[in-house]
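Note sheet for the following structure.
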Amino acid sequence: MGNIAFLPIGLEVGLLVGALGILMAAVMRGCRTRDWAIIAGTAIGFGFVVSVRQWVVVGDIGPQLAYGTKGIDGSAVANQMVAMDKFGALGGMILMIVVGLVLIGSWQMITDLGTRGAEYVALILLSVAGMHMMIVSANLVMLFIGLETASLALYVIAGFLRDRRGSDESAMKYFLMGSFASALFIYGVALVFAATGSTSLYGPTSIGMFLGGNVMPDPGILLIGIALILVGLAFKMSAAPFHQWAPDVYQGASTGAVAFMSTGVKVAAVAAMVRVMYLGFFQFYDDWSMAVALIAALSILVGTATAIAQSDIKRMLAYSGVAHAGFLLVAVLAARVSLDSMWFYLATYAVSLVGMLTIVGVVAGVNSGPVSIDSFRGLGKKSPMLSVAIAVFMFSMAGIPGTSGFIAKLVVFTAADLNGFRWLVVLALLASVAGLFFYLRIIVVAFFDDTDAEETPSTPTGPRIAIGFAVAVTVLLGLWPTLLLDFAREALPHL
Amino acid sequence: MFPVLAFLVGLPVLAAIAIVLIPKSRSELLLPVAFGLSLLPLAVAGYMVWTFDTAGGFQWVESIIWMERLRIGWTVGVDGISLFLVALTAFLFPISILASAKISDRLRGYLVSLFILETGVLGVFIALDLVLFFVFFEIVLIPMFFMIGIWGSSNRKYAAIKFFVYTAFGSAFLLASIIALAVNAGPVLQTVSFQWNDLAQVPMTSAAQTWLFFGFAIAFAIKVPLFPLHTWLPDAHTEAPTAGSVLLAGVLLKMGTYGFIRFNLTLFPEATVKYGKWLALVAVIGIVYAALVATVQPDIKRLVAYSSVSHLGFIVLGTFALTLSSVQGGLIQMVNHGLSTGALFLLIGMIYERTHTRKIADYGGLASTMPIFSGFFLLAVFASIGLPGLNGFIGEFMVLIGSWQTFPVLTVVAASGVVLSAIYVLWAYERVFTGPPGKANKDLEDLNSREIAILVPIAVLIVFLGVYPKPVLDRMENDVNAVISRIEQSTNYERPTFDLEGRLTVDVGVPEQGESPSGEGSE
Amino acid sequence: MSELVVTAGWYMALAALLFSIGAIGLLTRRNALVMFMSIELMLNSVNLTFVAVGKELRTLEGQIATLFVIVVAAAEVTVGLAIIVAVFRRRETASVDELSEMRG
Amino acid sequence: MIDFIWLVIALPLFGAVGLLFFGKRIGEPNSGRIGSALVVLSFFIALVAALPAFAGTLEPENVLLFEWLPALGVNVSLLWDPLSAMMTLIVTGVGALIHIYGTGYMHGDSRFPRFFTYLNLFIASMLILVLGDSFATMFVGWELVGLSSYLLISFWFEKPSAAAAGKKAFIVNRIGDFGFLIGLMIIFATFGSLSYSTVFANANILETGGATVTAITLLLLVGAVGKSAQLPLSVWLPDAMEGPTPVSALIHAATMVTAGVYMIARSAALFSIAPVSSGVVATVGALTALFAAVVAIGQRDIKRVLAYSTISQLGYMFMAVGATAYVAGVFHLMTHAFFKALLFLGAGAVIHGMHGEQDMWKMGGLRKKMPITFVTMLVAWMAISGIPPFAGFWSKDEILAITYGKGGAWVVLWAIGIVTAGLTAFYMSRLMFLTFWGKPRWDDGLEPHESPRSMTLPLAVLAVFAAGAGLINTPFRLSLEHFLDPVFEVIKVAHPPEGSTPWILAGVSVLVALGGIAYAYRRYIKRALPVEEGPRWDFLEEGFGVDELYGRTIVLPGKAVAESAAFTADARGIDGLVNGVGGAVKKLADAATRLQTGQVRSYGTGMFLGTVALILWLLVRGGAF
């Protein structure tokens, strides 16, 4: 075990060091954003390398658990805290790519912030470390810590632009609701602990072992616990009815921050949910899967319906994110049959969304709060490449073939159908049609409306790269999905 | 073996790339290059028609499974049912490009859209993998959406969104059904498979057939479109630019009717026999209803759009009548409708470029100012109302004669479309072309040589297919027979025989099923 | 006096009550500080549960979890108070009802 | 072997296509000459091919050109038997004369070449109709002649009335075709084939008078009624007079309108075993004959008189074929082709000479101005009135005799026929007297003149036939019967009664005809011209308001239905529903948006309620309650 002592948390450590490094650099060398970029880039790159290394090592020696305590008798190692498996490794890669894209796409904002930019970058690195911790944690308390690490940093990030009204509102709402959700989550953990005597997902004293070995005559407390854990995670992915914070927060926060919080947290929460639900509570699959299906259905319906009425693009994307949370919950259900479909959905949605929000940042400014859809008016003429990118992302989110979004829906829905959720698949497909109303609307505004605005927004290099990469991934995976699918098929959690 | 079909579908993609690569400074090259490139798929399609083995069955099959676990992949092939739809598609695109000479705004994007559209449509007709089919089926929406939305006329936004959302609504059912179909077949096949070949062999319970049949049918019915799901079509047609209308009517609608034959008939034979009559009923209602509605349309494009709805009803009626003649007639009617309605939209586009109005009331007396134009128009009009000697007749006649045996009452009602179509078409012709030319129309120029060059190939085909459709029918016959035979084998359905079957005392010139007739004095 | 033994169940019931009070407080009060205190109350009820159950099951896990929760709560206090202060500075109020510019 | 018979069709078709593309370049006189020459050539080829038939040695022969619709077993092949030979000769013969006439009549028209394009097209189409050896090919020709008719009626399309008349003709014909088409469906469903050989050879398997054969024949009759302008689809023919007069002569008198008669005669094998249908055919014919003859009396326009007269004469033919007197029907078809073409061409010459005037009340005294026209028309007048020995007498009389001979209710039809004969003589005399006798009533400055040679020559030729053609089938010498024997040999064809009855009947009809002429003479020559004006005459002129009746009962309600379908059912109903769904989704969206109050506490409440609901749901499902 010695040789992997550092590897399971290498990514987190790297990011923390990077965050501290940036803060130090800001203190010692002043406002030199180049330094921060190098450090952050190194940290993220390191994180990515660690994830790859994990993948390789796991491929060689199989999934591992780490950081346990010795039993009282000193013999067995129990209560492992962190799992090192391809599941976490892939999660790490996706998170690194997403956060990298976000930073590249919104670096302008960091430059604008001056010295405080260092804090911003550091917070993002800290937050993403927390997110990854959520994915790899082998213990519910550990999961809680990861969740809080991610969230606390996000609360600050949401309200980072102090000089803009709405920013503080955004932070406050996020904070209050987030804390509420965290409290519900940890109370759920406590109840599960009360019912099973464990908070661990692995090992001889894990929740699963207990549930497998004992017949619960009265599972009430456990079920309440499961419900609360679900609520906590569903909140993070902004699934209905725990979604209402999202539009307000997204609207108030800076566009770059939204790109990060809307994608990273979703990745982390979905992955964590899969691990917790399947490993922890598989014996209660019949119960919680229906609960998840109901939340999914509600999210899809509410998200789609509300998004139609939006005139602010970030709010629209927030509600579309609610609908996508629903689709992701379908993916959670589908994960029982095919985990790769869930990964595919997560990765492609995250990339498209980051790309789209980067465009919003380019068009309306990275610091922008509310961004009316009308600001895209006539973009098709002024900036055709940008508009094509918009079209690609919108079609991808809508699930139109030719884009990764279609394949994502296809594999997820096929797996969900295989898993017996045909009604949910039909509902989801019909809702995606209604979703066209708002995805198409953006394309319509961009392409079909003329404008008399004169200046063409020039796309700086950073966003250009981020958008280009996102478009490339979206189209490439849309045409050649096996690239990711075959890879992700191995990304199973430690059992 | 050379992957002909991949090549065929790939050509437009390459053409689109080539168009993108033409430098901005040489944009005058866009149109000629695009036209030249669009001839390549036509050449391939021509080669395919030429070398097609009339014995039928899928030819030029390529099968590469990409996603082994779900058995999704590039499985394509062409049989007698799809052959001429491929050919029609390849034929209409160069014409559409030529007809787009007046497009100046964002021409590059326009041409790229056209080529992507071509890829999509060709893909639909060759795909033998349900997911691949669906991908192409949906991809087609995107370029069409842009064509209507960017290069359309005044109410284009509404029409584009309506077109997209309405058809996507049907597609949602289609995708759900495709997934359910594959999942249902999973236990039998030991794997989830989206291969048409695999799925066509899996027997299904009648309940499953019913659900899936209607799932597929909704999507195709919207695409066709069948009454009462047709209202997106007039809007889309009216607002689309000329090439858009041509392709919409010419090939896009055929994706629905083709889907009926390729999927509903082969995959769900029992449900087809059981519920086909309802679709036939809807189709017949559409024939009469759309014809009625067409008569009073004030907008000439809307009129033709409704006439499309009416004519496509014949195809669907023939498809579900399940006789050799009716299905074959429906198939050839797809080609014929593509030609004649395509020609009509081209012509309307030409007059619109001159007058900038589509209101019938604004025209009048064009026959004296534009004799060549009116001549072509008359030809297209008569082709579309099924005048013998022109192509429209073949399909309509075969459908009606063939369908009678299965659905006598429906067919009689459908036949009344023959009268109604004459009414709306000739009345419109009267108002547009005859009488003394009004002031506004006195100085209109007749067609120029480019426009004539666009129309001549269509006119030639209209006449040729009307007079000598045998090359086409021969290539279709065996595969259509195979489709019906499959239904006969898997259900209790039997092809209707004629009343005096076996009682004829003198049997002259009656062909045996599947054999070609041998008459005396054959050359 | 054995019948007066306070079992873990009682503790859990108390914790549940506290949690509910906290939740209701969060939902009914409009002052951000009070709402924040309610959240702290909820977290503490979680601690109570953990400790009680841990004691009952004779494992250290419960106590350790409590420590973590306390730490997290402390961190939350820091961030939360900072946000509240920022809001108060700008708007001279801590009432969350004022914070409703973004909606719809 | 008569394989070359396809040339008969190919030549005019070639002319049509060639003139379509090069007519303008070829120019005025030559395009007409080419068109005429091709038809003349066609005629002679047909004549050569028909020689065996005159000798009585013609075996019906099929000539396969190419396979057409294999699935239906339909080929494009031609049938050459005495009936088709005779029809071909009439079509090409009369057609050739009218072509020649047209070169004079259309002189100076700006679209002179186009006229011959259409005429050639018509000849080709009519020959397809006549020569095809299956119902499918007949249907093809059937519709194609409809097309040519449409094109030619609205030849002067700048005139709105001409355009409308062409459209009306086509649409009314299509109504008939609708019936025809359904008939074809049943034929195919019954025999599994559409070719004459199969159908007619096996017709006897069908039960005589059975439902199938009755249905088939009645539906075919619908087609025939449309094409031959019988009641109730007669309304298009008078309007068709908007076309140039040669067209009226060729299409709307001599050939196309007789297609219905040809069809019934061709399908004799079916009609002869369907007594009900045959009765209907005859009744329709008789009623039409009477109706049209009455209406003809009220016409002022010289061509409209002839149009109604055509309808009336076609009624006779229907009576004949309805009475299973197929030979008599075809006989009358032939004689009618000659004298009616002659009448039309004569009327055309009059109109030509009168510079376009068609109102007979503005003519008068023309016999001096146009002597040749007058003389030839005189012949035609005698022929149509049934005065022996002119052609019309023999053919009409045979029909009446056969009808009478069938006895029973048929005598009523005979009576109608006799009355019609009298009326015919009367209105034709009226036409002649008003046109050629009396004082000139034409407008000042009009200089009526005789027509050019190209027009009078056909008149002369036709006059010869109109006078003598009847002689080929007199009771003394039944050449036509024998000629057509091979066609009808298996069918029971009705013959005139034996003995003295025919002679008495002939005497009666001649007397009636003479009476009609005499009355007209009294009314229009002996006395001052009567005033034929006022509402009653108008009503008569308008054909008893049938047109208006259709307008009120069919066209207007149809239009109203279409309008309500288009603007209410479709735009508001179906599309309204579609947009309504969209609107409902938007409403729902707005409602959902309203939940988003911006108040964080309400969000908390939502979360809380959601949590509680989830817990309760899980507890209930998990069996904790």
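Per-chain numbering from 1; labels A, B, C and D assigned in written order.
Note that contacts are C-beta pairs under 8 Å (C-beta built on N, C-alpha and C of every residue); 3 or more make two chains touch, one makes a residue touch a chain.
In this text the structure is predicted, and so the values were computed from the model without any measurement.
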More contacts between chains, A-D or A-C: A-C
Chain nearest the overall Cα centroid: B
Centre-of-Cα separation between subunit C and subunit A, whole angstrom: 26
Subunit A and subunit D: spacing of chain centres that average the CA atoms, whole Å: 78
Euclidean distance of C-alpha centroids - subunit B vs subunit C, Å: 66
Rounded Å distance between subunit C and subunit D, as computed from the means of their C-alpha atoms: 96
Where subunit D touches two or more other chains, by residue: 582, 593, 596, 598, 600, 604
Shared interface positions of subunit B, touching two or more other chains: 165
Shared-contact residues (touching 2 or more other chains) in subunit C: 23, 26, 96, 99-104
Pairs of chains satisfying the touch condition: A-B, A-C, A-D, B-D, C-D
In the complex with subunit D, residue positions of subunit A that touch it: 172-173, 176-177, 180-181, 184, 218-220, 223-224, 226-228, 230-231, 235, 240-242, 244-245, 247-248, 284, 287-288, 290-291, 294-295, 302, 305-310, 434, 437
Subunit D - residues contacting subunit A, complex: 582, 585-586, 588-590, 592-593, 595-596, 598, 600, 602-604, 606-607, 609-611, 614-615, 617-619, 621-624
Residue numbers on subunit B that touch subunit D, as the complex places them: 162, 165-166, 228, 230-232, 289, 292-293, 295-297, 324-325, 328-329, 365, 367-368, 382, 387-389, 393-394, 397-398, 400-402, 404-405, 408, 411-412, 415-416, 418-419, 422-423, 426-427, 429-430, 433-437, 468-470, 473-474, 477, 496-501, 503-511, 516-517, 519-523
Subunit A - residues contacting subunit C, complex: 79, 141, 144-145, 148, 152, 155-156, 159, 162, 165-166, 168-173, 175-176, 179-180, 182-184, 186-187, 189-191, 193-194, 197-200, 247-248, 251-252, 309-310, 315, 370
Interfacial residue positions of subunit D with respect to subunit C in the complex: 593, 596-601, 604-605, 608
